[in-house]
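Input: structures, listed below.
In what comes next, chain A is part of two complexes: it sits with chain B in the first one and with chain C in the second one.
And then the complex of A and B:
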């Protein structure tokens, strides 16, 4: 009979297989390939040679130590902001929150450069203020401590967001009941709020730790000059000195990173066990505490931290961009816009980088949007074991450090694709595919939450009106999830635009991204051009974040990360 | 228009107990069928199978000569030419009232003058012609309901399904909408299936009432018939506010008079037949059986009285004069129905 379908399912028969195949290509294939190469390296004894290399062990040591201290620093700063901004009546919450999350969105190598420009004997800013240390004194940030400090600054927003999400669901009546039982503010905090917010703190610590182990930008700028190598920078240098053994070596090194990350996540799992406090009753502990006279201590403290995290490094970056060369003090006489002119209009390399990054980011965001709308539809409507497995497969590439995914994709595409005989290695397409894989989860999350808020009857009404799948997709579903889809596009664009770790391994002549261009310019010593490019990137980030901020009112809760 | 036939329909969600089982029903053409039952009895599942949102695990659904669904295959909802008023109204918030109503026409490729005329006609039939340009968010609950109804009207569907459409409205608005539904049914001549748990809605609106419980169909009959001659305890308890007595009456006559009941009331043993007694058939006073007043509710035009008979069974009746709890009275049961 014509027009009949097998079941009453609202999805066309091709939809779920399409999602599954996409996930197989983007998530399963690269990781399976990585595992295969790693196992092959085991089999032919290559692993023993790698593990016998002392540089591997020192890199592993530095990775763990910097990640641990970085996590502790991010925990301290992140918790302070989360508790004060969520639970107290401190003024200017919106502004503080926006500024505090900003470092997370700024590319790590830009953060590192800004801090280098801010401190040390040749800082143009310190020189302009005549407080620079004497020439010849060491740059304090080129050290394990420096790397850990910047990890802390970069990832504190992650802790903040994880903890804040937990604090927003705290039971207000629970706090009030404790108050009526006679507990003082401090006791309520210690006995009620701290235990209930522990899951958020643990989750934040785990995310921060995993991000630290995979970070490339910060140890590349701060570690390499001092010969401190972490695993990601070691992989990078192995690729620079390419030999026949490189693939096996980097597969093993990525395996070590992946194992450290998984260990971190397992410790989190362990710590969270038995702490599943379902919140009952009224939630929303907004302004549970009045600061009173303490506000005069805390408000300046928060702004001072933001000054050192953001304002000072950014001013140093601007100062660095305005002076003709590193080490020249900034005065009205030395100031010029020459560097901006150079990177925007003269240097072909930076222009190509702009074009590459913007088009890669746009292509990633738009391709992913198409896939995620279909995937979110299929996954929210199915709700069976298969769809849960697919959802977690989508999460894996995002939760693994970017460098692991980059290595995996190199391994997949190093040889030409069988049957098609096309080689993607060295082209811009390999970067695009790696981005699609890594940012799938980022793109999916807002769209899925929009689908969950959508009344299924709205689609059913369209079905009874006679609209087929694509018709109701374009007439009903897409317009209704448009705000979330817009947010997803901007978020992916923002992250892809500033990405360095993946492109640092995958770029070749002509396919450099903005992140790579900044790194290379710094490597070649043109600090004024590096600073100018970094300033432009930071401005771009701020503009996109403001765009999201304006969209926020029309979005489902939790889509814009820094808003409640 | 065509006759809708449900043939031994069953649905099992795999929860251990089937949601619907062995459900057979013929809906007469142009009829207004109310599907009545307590919540969770499977009535919404039946409606969603008719619409095509669920596929039957067994049995089949026929519309006229065509099989529209059986266990192996189903016509998707978009090809069934049905319409539905959802409990949440399901108006599309990004479209104006006129666009919402006209969408089924747009999907069918109707445009221009014909489109405008049909939308205008549908809107004026629910008295919303002046609201064409508004967004659903700017309307009140009753107005949204009427937009949803106009959307059903616009394509002259074979079957109109209504899923507890009055559940979210206040009492005053309910009455007004009941009026609108009746008018709508008379004018359109469409076959309508109306799911509700409220027996008074079902009685007022429907030409036929189908009573469901625990996934099974218990009885289908016109409202007056089902009120007067319910089958079984469940239907008897669901329809109206009668009391069910268990009395040792003789014979097999189903309609019982005071003469048949009088002796049974005085008998000591209480096993026997289930007898449904409507409160309007109970007269307080005279030479009847002794009873004690348990509770009295003043309802304006009369008192609703809950009584306990000598054999400690509960009876409901009406009284024109005030009685007080604890008072000993005599009651006459003028009519009863053997279930």
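And then the complex of A and C:
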């Protein structure tokens, strides 16, 4: 492929500057502003006041502890599923994989609400089954352990996907050679597969850790009632008690989150160094192991885990939506559709939230696609130092927790834009810009991989025949990368639809997103309405994932995350 | 045919612009910030829009301190969104009035209200009476009759209350009870020693007690009375020492661009029709000569404890600090 790469003028002069300017606005500007406010806080001693506050240190402690334990749990579950679904001949792989990835797509506050409904003395589900704990027993999930457990459930799919990507490229002949020499399955697993899959496991752990440190939905639902604050929820409460110092304080706090995430990523880097295993020969590890009799142990185990991760919390959520009031046991007599009726036909906020989330998600996905096709073209064709810098600048906002980006954009747009005198704070546009920044990398990835698979010869031929840039773009490139572009749109759409962390800080009257609507309904004590709206959101997610599943046959390998 | 690049750029730009426009421009005539629960806020707004079909209302709900923080942040960013406030207590609105953030409006409906229930200059008007008493789960061992019962050993670790940092009514409640001889901050101290917790707003207390995580809760009256009617296992009592009360006043922000619509909203919530709407939702209307909602004892049996608004305003920061010192800052 390298032979085809030219340094000539096959791309228009404006293309790369356009990409650079976009990246400057979406990545560099907000982070630079955050750094500026942070430095100003250092200069005037504000940092000392913040750092002298014991609640900051306890929040930092809880953030790290919950993220560490959450990562461990997600590693255990994620690795189990990845090894069994990728390397063995277990049956029902497609279905298991689909369901296992589902929690990742569900908004974290919905996961948390469902689990709360599932456990504790209040659970409509447990009450219906008459096994609810007695009066006064604490909700077991309102604890560090509860937060870590749900982090684990929410992020296990991330580990699964990262490890699976690595396992797919395992050398089959290595395994076969070991087998022929008489090595047992366990020996092959321990001596060949495990060392080779370490990079995938480490990468999964790092993604999971960073996602845990930035998670807002889970500690907001589980931590706040028990006075357990993590840094994201502490930032949120600081905004709830707004003073003149708030902006400086949250800049410092989000700096701490950013440092924890970066530390996690650096440990990953260290751990991966010296583990550059080049693989020769035939890859593709489909069914390297036959489970034999073990299948009767593993198949039920996986389904049992899925039952506790998905089916039980979701039925609890449905039960919570069907009871007329909190604390009433669910029976055929008490069952009522009132909550669904209220949320669908009376609450204006439902429509506002659906319209906002769907149009924000659509606008984000489509705007990003326009930019990413151009950016991917520029970046894959240039391959110089400048394009590598631009690529990593695109990655930064995605790898930082959403709350850090939200704070940065508030700082940029808190005051009206100079000269234009337009105020973006409190409008839907600030949410859109923050989404564009945070999900740029998500949108770019499938498109870039499609560009890498593209043979430049086609385009070259068109160019030699005199086709201009846009002619080549629309007649050759776009049709060839269309499947990947479609997947990129749907992925961004799915993620943006369920987003809460960013919009929790940026919403205002009329710009509530679905995530915000669910969180506020819960906060006002309307648990039946919260459950009803959550059920609707989960159904929406499942429908969108099914859509991707049906599209999957026409997409390049690896674009739909849960398919091989 | 060779596509002219310029035309393509223009059409691409038009496409981009169209996708931007697809995000709805929110053409609300009036923005209401309220601390009423979502269902009630929606009902109030629906009632107003039915009476004024030409005005469209968008509303935001959050606890009073949180919604005030949101407003302050917007004011600092130079873009206050709200036109009308309908929030827990007069003390908060008194503070806004002193800061010059409110618009004076003499509503013709004021004649039907007790003079203590609205601002003489017309900056804010009370809309209802919301008392804070004790709710308990019906499976609880002790039936509380007074505030002091919550400090008994039977209630150890089983009491929850809303935090004044999240609820305006809870702040007024704490300021009222601590001014009562025989209760004072000592009462809150012995509650804390008895394992009581304070977290979130009244909604969180309702959930916690209805669900049985806690057995007793300090909470605003209408929530448990309404839930009980729906079948939830809860009871509400007006303690013997008396109850605190807030009056959920309505006020117009000086920065409003829709003053006429805002004035209509104020008139509506004070009108007989608006007040009947509150009555139907289970609130005690503030207007003279209105009935009480179902499930309430007659009004003369409810002993409302007095609060000195000026002192409350002056001591708010100190009181919040004292409270946080006992229960943590959440």
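Throughout what follows, the second predicted complex is superposed on the first by the 554 of 564 C-alpha atoms of A that agree within 3 Å, B and C clash if a C-alpha of one lies under 4 Å from a C-alpha of the other, contacts with A are read in each partner's own complex, and residues count from 1 in each chain.
What we mean here is this: contacts are C-beta pairs under 8 Å (C-beta built on N, C-alpha and C of every residue); 3 or more make two chains touch, one makes a residue touch a chain.
For clarity, every value in this text was computed on a predicted model and none was experimentally measured.
Colleague: Have a look at where A:312 lands relative to chain B and chain C in the superposition and call it first, second, both or neither.
Modeller: In the superposition, A:312 contacts neither chain B nor chain C.
Colleague: With both complexes superposed on chain A, which partner does A:525 reach: first (chain B), second (chain C), both or neither?
Modeller: second
Colleague: Quick check for you: in the superposed arrangement, does A:335 touch first (chain B), second (chain C), both or neither?
Modeller: In the superposed model, A:335 contacts neither chain B nor chain C.
Colleague: Who contacts more of chain A, chain B or chain C?
Modeller: Larger number of chain A residues touched: C.
Colleague: By the touch definition at the top of the document, which applies to A:480: first (chain B), second (chain C), both, or neither?
Modeller: first
Colleague: Based on the superposed arrangement, let me know which partner A:80 touches: chain B (first), chain C (second), both, or neither?
Modeller: neither
Colleague: Applying the touch criterion given at the start, work out whether A:468 contacts chain B, chain C, both or neither, answering first, second, both or neither.
Modeller: both
Colleague: Have a look at where A:460 lands relative to chain B and chain C in the superposition and call it first, second, both or neither.
Modeller: first
Colleague: So in the superposed three-chain picture, is A:426 touching just chain B, just chain C, both, or none of them (first/second/both/neither)?
Modeller: A:426 sits against chain C, while chain B stays out of touch.
Colleague: What part of chain A is shared between its chain B contacts and its chain C contacts?
Modeller: Shared contact residues on chain A: 466-468, 471.
Colleague: Could you please specify the touching residues of chain A with respect to chain B in the complex?
Modeller: Per the touch definition, chain A meets chain B at residues 1, 3-8, 10, 455, 457-458, 460-468, 471, 475-476, 479-480.
Colleague: What residues of chain A sit close enough to touch chain C in their complex?
Modeller: Residues in contact with chain C: 12, 55, 120-122, 132, 134-139, 224-227, 229, 237, 239-242, 244, 246, 324-328, 334, 342, 346-349, 352, 355-356, 359-360, 362-363, 366-367, 370, 413-416, 423, 425-429, 432, 466-471, 474, 508-512, 520-521, 523-527, 529.
Colleague: Per the contact definition, I'd like the list of chain C residues that touch chain A in the complex.
Modeller: Per the touch definition, chain C meets chain A at residues 2-3, 5, 8-9, 12, 15-16, 19-20, 22-24, 26, 28, 31-33, 37-39, 42, 45-46, 58-63, 65-66, 69-70, 72-74, 76-79, 81-82, 137, 139-140, 157-158, 165-166, 197, 199-204, 206-208, 210-215, 223, 227, 230-234, 328-330.
Colleague: What does chain B use to touch chain A in their complex?
Modeller: Its residues touching chain A are 49, 51-55, 69, 72-84, 86-88, 90-94, 103-104, 107-108, 151, 155.
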